[in-house]
Amino acid sequence: MGGSATAVAAAACGVPEKELLVQAPLEMPEDLVTGLDNWYATIDRQNRNGIGIVVRVMEGRAKKIEGNVDYPVNVGKHNAIADAGVQSLYHPDRISAPLVRTGERGEGNWEEISWTDAVSRIASRLEGVSGEELVLVTSPIGGHMGSVVNSFTDAFGSTHLQYEPLERTVLQASIKNVFGQDVMPDFDIENAAYVLSFGADFLNGWVSPVRFGRGYGDFRHAEGRERGTFTHIESRLSMTAANADDWIYVKPGYEGVLALSMAKVIIDEGLGDDAAVASLTQNGTNDLSQFDPSNVSAVSGVPAQRIREIAHEFATKRPAVAIGGGSAAAHTNGLFNLNAVHSLNYLVGNVNKKGGVIFNPMPPIGLPVGSRSSSFQQMSTLSDRMANREVKALFVREADPFYGMPSSSEVRKASFGVDLIVSFSGQFDDTTAMADIVLPEHNYLEDWGTDVPDPGPGYQVVGFQQPVVRPFFENRGGHLGTKNFGDVLITLGEILSNPLSLPGDDVKTFKDVVEQGARSLYGLNRGSVKSDDFRSFWQGVLQRGGWWDTGARYDGPSPTPPALPVSPQEPISGSGEFALVPFESAGLSDGRTSDLPWLQALPDPISTAVWHTWVEINNKKAEEMDIREGDVVEVTSPRGSIKALAYPHPGISPDAVAVPIGGGHLGGGRYSKERGSNVFSILEPLTDDKTGALAWGATRVSLRKTGDWVRLSKFENTKPDISEDTHRKIIPLTNG
Amino acid sequence: MQEHVQLTQKQINEDLLTSVLGTPRWWWPALGFFVLVFLIGMSAFGYMLNQGVGVTGLNRPVFWGAFMVNFVFFIGISHAGIMISAILRLTQAEWRRPITRAAEVLTVFSLMSALMAAPLVHVGRPWRADLWVFPYDFARGVWINIRSPFVWDPSAVMTYLTASTLFVLIALIPDLAIIRDRSTGLKRKLYAGMALGFRGTPRQWKLQTIAGILLSALVLPVFVSVHSIVSWDFAVQIGPEAWHSTIFAPYFIIGAIHSGVSAVATLMVVMVWAWGWNKYITPDHLDAIARLLIIVATAWFFFFFLEWVFALYTLEPAEMAMRKLQVFESPWSWLFVVFLFTAYFIPVPMWLFRGVRRSLFWMFVTTILVNVGMWLERFLIIVPGLMRRSEFIFDWGSYHPSIIELAMVAMTFAWVGMGMLVFTKVFPLIPLFDIKEGMVGRDEIRIGRRIVPASIRE
Amino acid sequence: MIPGDFQIRKPSRIQVLILGILGIGGLVGAVVGLVLGAFVITAWLGLPLDVFGLNEGPEQPIAFPHTTHVKSLGMDCTFCHRNVTVGAAASVPAVGLCMTCHKTIGDGNEEISKLRDYHSSGLPINWVRVHRVPDHVNFIHEPHIRHFGEKYGGPAGTCQLCHGDVGRMVKVKQVRSLKMGDCVDCHKANDAPTDCTTCHY
Amino acid sequence: MADAKWGMVIDVDKCTGCQACVVACQSENNVPINTEDIFNQRRAIEWIRVERYWEGEFPDVKARFIPVLCQHCDDAPCEPVCPVFATYHNNEGMNVQIYNRCIGTRFCANNCPYHVRYFNFWEPEWPDTLTHQLNPDVTVRSRGIMEKCTFCVQRIRRTSREADRDGREIEDGARELSPACVNSCPTSALVWGDFNNKNSKVSNLAEKEMSHNGSHHGRGYKMMENLGTSPNVIYLKKIDKHAKETVAHE
């Protein structure tokens, strides 16, 4: 009686009923102590380049993600995207069970089925499908998942495309051309005295922002070194450009000639390494005269004097490093640009040296590297094959080509030529929405795996991913819920009596594959974790989040500098008043993290805009065109048009406009669905002529005011004035 | 200067008790209107309790808006009562007689409105506002922070409310006795209780008069302190530019008197129009109050001018940015113009004309204008100050009140109207005994060749 | 004053006296009433039902006899409430722990058969909470046990400081108000920090 | 920890504006999700925010970033104005906000020259599943009260309690003690520690960079020092090789 009275009284005071109960569980797990937290090490999969993280787990729930102090790539640091991983784990729109399409494709009518049912349906549909007709599209996969996928494609003879919208094909080709390397080298910013970057937004989204951010911190101020100098050359004032000592505007696509012009200055003034100069110019046979700064100045828009100054600084402040990538690579002459930029490194003699370009060794135990992306050319071939009904089955995992490919509506149309589309996504992204069967995979915090960072820190590293929490949908029972992607592939192989060749006899599941991998590492008997028996090695690896061997460095031959690419290539681009510069905003990456509310609400560093797709335009130009902030502007390319809200600011050239990537998802859950516009959809399918990579920076567009006005949500003040710290009370400056 | 209209005491009783003993036809509709507005405001308040302060237009950094404006405004209005009653009583201004009670009652109800505006609807968690207003928290052992002007506020306002309520009650006693003797039944019993056995004996009269004078003297410091303290709500702040000014206390007090006395003038006109008390509130009275208003308004304008001098003298960039915003940027610029004209440049020159001073209509219009202007003045101090264009230009923001907020603002006005109406139904709004005393004081007799007052004041 | 304005008799002396006494008495009465009311309200906020003598502790899904376990068997509190020396919550024991003994002990007892039912069905027992602090209070058992443990020789002696002599309670009930004033007084008496962020953050 | 005086040193020259601190803070401290509407209403809550100021016009344009959080002033303007002591200075040098005491007069927010106090205009809402992420060590603030940076006091409490329990010393800069933003910052622009500990990183930086007896020999400054708030957050000036030296307090 007293109890109920208390309950009534408490209910009246608004105490939720659950707080009046204490559940005594059946059995208490050993490590679950109420109110105590544990930090488990694993690998972040939200960023394109995996970093080591530790996850705070309390009472079986992941609470907070922080950088893993031991992990060599990020040394305890992380970024906003990694931090938001907990939201992807507990996202309200996660798919909790296998789904089968009931209505027409793309209609969005689904029915839950059991795993066994789903897998057998796929198996029956796959009968009679030849290996060629089965295509696997995934994000670039490294580590053991990569080897499982490889053995699956081997077993079936099917094609495997590793797709990401902002592919690194050009960068990898350039690294191969210039340095002869198969894996990405590490740019050793922290020890460099001078950094010269062409288009690589390395502090924000390019390759491995956390690793470069860490380096940048030391580059600016660290014990026992002078403050480094950093010059950034790009067509838009990106976050990285904003942090440079000098931002130099270059016309999109002319980074290569600019770099060659600098090379010419260095060579002419005799500032470069003699051996490298001889090799680069083929003993003087290569004629660089056309790259005289006065000529280049006219085409690139950079004053000749500035070119000489920068070349001079670059050559004299050593160690210096030149980085090329990002928008510099995103033109039809992308490879030429990057080759020219990376060749500069030879002139200052920093190749495979501290403070320069440090080569990475091949990963141990034959693991695949994690960032071999397929080119856009291959993807559009796939699209054509789909349209021609040459593809019978399409497996998609962690990739969203129907969102990220230019003219995605055509790709989506082409998908009607495919009999069976299976998506392994745990979230209704644009591609999953077109699937026939959805087999939701575990969130990365619930899953096993390994990762080979690319670029690595200069030595061999294998990161280990372990489930830090039990699968969230576990309570739905074994027949529903989520599963590991590798396990599904293994099961499929078994059912179709095409078993995958797994390393070892009693290796049955993906976890076993990972454990077997650890066994091989244990067999190497070197590196960060050493122990007498495998059990404690395994525990050590999981505790520290991975295995690495600081001694295992690149020991191949020093490359000879290739000849400078002296025949200049003009970037090809369409017509239109403005060059379109798509860019990664701080949170949304290439669109893969758009579904997380923290990242949607994360102010973009430059515009502080949130939740929208906006178009950055020069403030003077906007005034000319009578465009104010928040005006709905139609951005039209020959491939179509999108609407975006104008954001005029002074950090962009009057002949370019910039649009963030990540908006305009057709699926993806409540936080991203039909929010903003997809800039990929208006890109012209131009490619780099050597690598077939998408030239995503080569589209030209025109702007038109629609006359509508929508408030652009952003963190800075409401009026479109320019925020300026006039009295320097907020940010005082010093000249050092 | 006063005209001689001698009225018999019977006439006075009949005239002035009309509001209590009879009900004019407009009374119920008028009351209904105010109650309706009040109820709408209360439902808006209920909605706000349910949803949170988000339903207002407030934001970061404009954390204070219409509620605080209203609080300051009603504290300002409330200064009329003491100004008229205490100061004019002590200075023996004869023309105060018919308006003292109306002014005091206005004080009481506007103070209640002020309390409604600030601690009640202003705070984020009104249900915990007791921690602030009645902060005697034995259970937790945590007390109030006496360094905060927000702690001084309730004590000052409560003191003022107590004093003015006492004022009203003491002055009411003889009139209540009169009503008691003119009513029967339950009503008589109620009034008998309230009249506290007043029988008009000389001793009772003496006590009543002394109490009035004593209260007048004692309440004067409160009168000065209340609005000083309200001004310190702003003046102690270093955050918003242009608030931390030493001139604020006297500037606020004189501004309060300006708006308060204007409100009383408005009320006088309304009383004449509503009950036809033109024999009691004559053009002479309006003339007198308008002359007073000219002085008050000009004194206020001087302080307003001084505030600007202080700002322009230092030329602090942050403050100048805020001033620029206040004066040159839309919509503040035109609000500023409206404020200047309504609060000073229209009414004061008009009051210089005798015709305006003695006209019911024009006095009504000009005094209403003054209060529109004074409301805007507070708005222009609070909101642009908080927008803080100055240092953190990165996150300055604008503000406009939401409908819900305006409903609650209207509620506080309706409360005053409602209160006044109900009060007139229960009590006479013009003190009968005071008028009679005035009549007696006005009797003149001829002694020899000289005409002298018939009675000598105590 | 026109004649007849005030037509009331002068009250008699006795009337004045009665009125005076009534008035003063009423005032005093009101003050006393207010103070008493304040005390009752404070007490009610502290321990709602104790004021009316209704606090006998809530009915639990299994009538667990602390008397048997603590008083007769002399078990230590920390045997079941294990978390109390490490973390925030004292924690209730898992059903498995009970079953270590009750697999064999207590056949025929109705309550123990309930316990066994829970164990076999795999359902958790929903105990009714007796002591609860609001969400904005971070109460941690561990430092309290540590502090008083040093004083009173181990956790066993310290629990009753706040929870009363549970060993003698048939139904466990709350014996202290556990309101903020209660906490603060005790913190002051024991030289514990009284900074607000000790508990509120 | 009672003899500590917590404080932060922020190197503006290292801050890249990447916003990692913003999400780290929201994740650790149960900051409600800032929806589009909330941004439009200008009521977004970011205990630490990164401000961006422009300088110049294209092509000679600079965008400068600065993280702004509660400065935990020794003479905090917010503290004396709170009528109910919901905010006050504790003996660890922190300006603390007691949510359950707060009644929401918003006086403190007005008086904060740094605009770092945020008001809960609405009841915070999360979809059901996202509530699993909420940090149980931090109170979820209801509507109608102020909130602001706490220097992650919950971490200080938990770590010192567990250190006490296990009888160990806490090192300077221990990660489990440091605020979430400091741990996240990729460039280590944020350094946090105890100013009373003469060997701590922040003390060394303050010693090196702040002016002593009037001689200015470092980059250190306190934001809007002219207001006399004596913040416990030290900023290190941004280095711009083209800039003329400017002084923070005129």
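Think of it as A, B, C and D in the order they're written, each chain with its own count starting at 1.
By our rule, a residue touches a chain if its C-beta (ideal position, glycine included) is under 8 Å from a C-beta of that chain, and two chains touch if they have at least 3 such contacts.
Please read these numbers as outputs of a predicted model, since none were measured by experiment.
Taking the mean of all protein C-alpha atoms as the reference point, the chain centroid lying nearest to it belongs to D. Seen from the C-alpha centroid of chain D, the farthest chain centroid is that of B. Remark: among chain pairs A-B and B-C, B-C carries the greater number of C-beta contacts. Chain A and chain B have CA centres that are 66 Å apart. Chain B and chain C, compared by their mean Cα positions, are separated by 49 Å. Chain A and chain C have Cα centroids lying 55 Å from one another. Centroid to centroid, with C-alpha atoms defining each point, chain B and chain D lie 44 Å apart.
Residue positions of chain D touching 2 or more other chains, listed in rising order: 42, 44, 49, 51-53, 68, 88, 101, 224. In chain A, the positions touching at least two other chains are 35, 715-716, 718, 723-725, 727, 729-730. Shown for chain C are the residues that touch two or more other chains, namely 86, 140. If touching chains are joined by edges, the resulting network of the protein chains shown connects every chain directly with every other. The touching residues of chain B, when paired with chain C in their complex, are 8-10, 13, 138-142, 177-178, 180-181, 192, 197-201, 436.
Here chain D touches chain C in the complex through residues 2, 88, 90-92, 94, 96, 98-101, 137-140, 150, 153-154, 157, 161, 164-165, going by the rule given at the top.
Residues of chain D touching chain B in their complex: 41-44, 49, 51-53, 68, 77, 80-85, 88, 101-107, 109-115, 118-123, 142-146, 224, 227-229.
In the complex of the two chains, the chain C residues touching chain A come out as 48-49, 54-60, 83, 86-89, 91-97, 118-119, 122-129, 132, 140, 171, 173. If you check the complex, the residues on chain B that touch chain A are 317-318, 391-398.
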